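Chain nomenclature is as follows: A, B, C and D, assigned in order of appearance, with residue numbering initiated at 1 for each chain independently.
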């Protein structure tokens, strides 16, 4: 088998591991806090940032006010708003700096990381641990650097969005209405 | 004098020309439409896109709902919303395609361009002509390619924001309240 | 079972379907063309754009010159360069417009889409069909709108990167060397 | 006179002040370092980031390898590379954090700010002081918040690009060759 097949199989296996080991109480808590607080800012550097943006866009689609820290339309964070940060290592410079600042303005900080003992996790109010290979880990793998973490995060965050939709009693017609039509 | 001094002088001179020749009726009309319609989408490619984003961010600061087409948090354009497009040449592929699509969904299309006879200008409801050198022009200049257009656009759009603030009776304390505090 | 579990299971199932049905000749062809042509531009709108960016960043990590159309550092496309476009529906306005323009300048256009009969696929030199739910499909699903397509694309494109790494005989130490260290 | 005219006049006046007071030795030094070191990373938050991106794009146009920290194609900073940071106040969280990290990896840090006594300026190797109103200043002005700083920075950085072009003996035909043709 070539590296393509081995890589995609490893991504699937890692998703299965995550679906069995992810802390469902944390998943429920994140969904409930997003529904209750209604206003979510996300940030991540590099590919973690792309995953964070995909989640922010989905939240917008289902009617949750969401923003990407660092993009153009990024208003002030108010006390009680959610700041959700994605970093595999939990040590990314800008992500940790933003987490610190978010705590100071009174936000609820949620982090998505492989390392519950990282700087980012320690400053967070809620930590969602995702299994995957990160920059600081050495595990031999056919999926390139951080791919396991990134795909697992995307699948988990999208599935949190599905849970929020279920809790709010909305379906995809809501998304179709809000989805960008000029792009 | 070196090229730095010549370039900055040329930028200043071009700003002066624009401040004297820009169509004040169009400026007033754009400010009034933004205040009346309340929801503005912007787009531009390359440096024109950066100028468009700077305007969108300022609009957000002063309380106008604004979005950047192509960024993460970009909902659907509704009939009557404003789509403001920046293109020096008025012929940029994606900008013209987005203008066409915006017309189809019933948006009011405002274009900012040097060329009132361009494809973009022809499809627009309101055309703001800005003087400057563009990709399609040959004028000898010390300011690099498109710099005259970009700086004039930024100054003019920021000054439209100042006019909107005056019309709404708001001052900079509103901006300070809305300006990103976690970035 | 709640919507979270159902959604993540559906994402895994869709990945399995893709791993079994994806056209391996197309996968090999894309890897070979990227290695041969060395310079790749990517584009997609919305979440498809985020997936395209994740691939471009991975290509940069493994030493392939890559660019994102619409980002700041985006030089001119030369004849023979690759333009890789992601669109579930294959009908996104800006993506089709960019595909048309890319053909005109002599690029090799690769599209990643669910619909081999779409406008985008028809103008492309190579079409990679990915299974998933798209904006234009009606299939009942627990994973939100386009999530199946997006996660499958991310996994498939990352696995193409793994295949390129195998073909080039490089490992993750190359990525560690190139990965952003100031972010 | 309405706020539009007053604002654009104030922007022009501020540009004149800057053209007369900017430290030409610092301007020359920045141009020379960029030519010598050949590889430049830029960053700024909010509108300062847009100005930084405009400069990075112009550098790419004139053949200098440039990157935007936070965008997709952002490789590792090597010792001796330039990291150029824009922040009016010089106290923006992420900008200062990135400046600190850049120093640690051995980059030459250039900051563009109104405040030579700021945290950002103090950690920088070269400080370019630009006059304008910033978030931390109280000066009464008709141009909205930070507009004076942003427009002056754009004009000054574009004029540094003009100086680099003069020093390298290249003209706009180089830009036309490199400017994005698919966008």
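In the analysis below, a contact is a pair of C-beta atoms (placed from the backbone, for glycine too) under 8 Å apart; a residue touches a chain by one contact, two chains touch by 3 or more.
These numbers were taken from a predicted model, which means no experiment stands behind them.
By number of C-beta pairs in contact, A-C leads over the other of A-C and C-D.
Centroid to centroid, with C-alpha atoms defining each point, chain C and chain D lie 33 Å apart. A separation of 21 Å divides the Cα centre of chain A from that of chain C. Each of residues 45-46, 50, 53, 57, 70, 72, 74, 93-94, 98, 101, 179-180, 182-183 in chain A touches at least two other chains. Viewed as a network of touching protein chains, the structure reduces to a complete graph with every chain in contact with every other.
For chain A in complex with chain B, the residues that touch the partner chain are 41, 53, 56-57, 60, 66-77, 83, 98, 101-102, 105, 107, 177-183. Only residues 2-9, 11-12, 15-16, 18-19, 24, 27, 31, 45-47, 50-51, 53-54, 57-58, 61-62, 92-94, 135, 141-145, 147, 150-151, 154-156, 158-163, 165-166, 172, 175-176, 179-180, 182-183 of chain A touch chain C when the two sit together in their complex. Taken together, the chain C residues at the contact with chain B in this complex read 45-46, 49-50, 70, 72, 74, 93-94, 96-98, 100-101.
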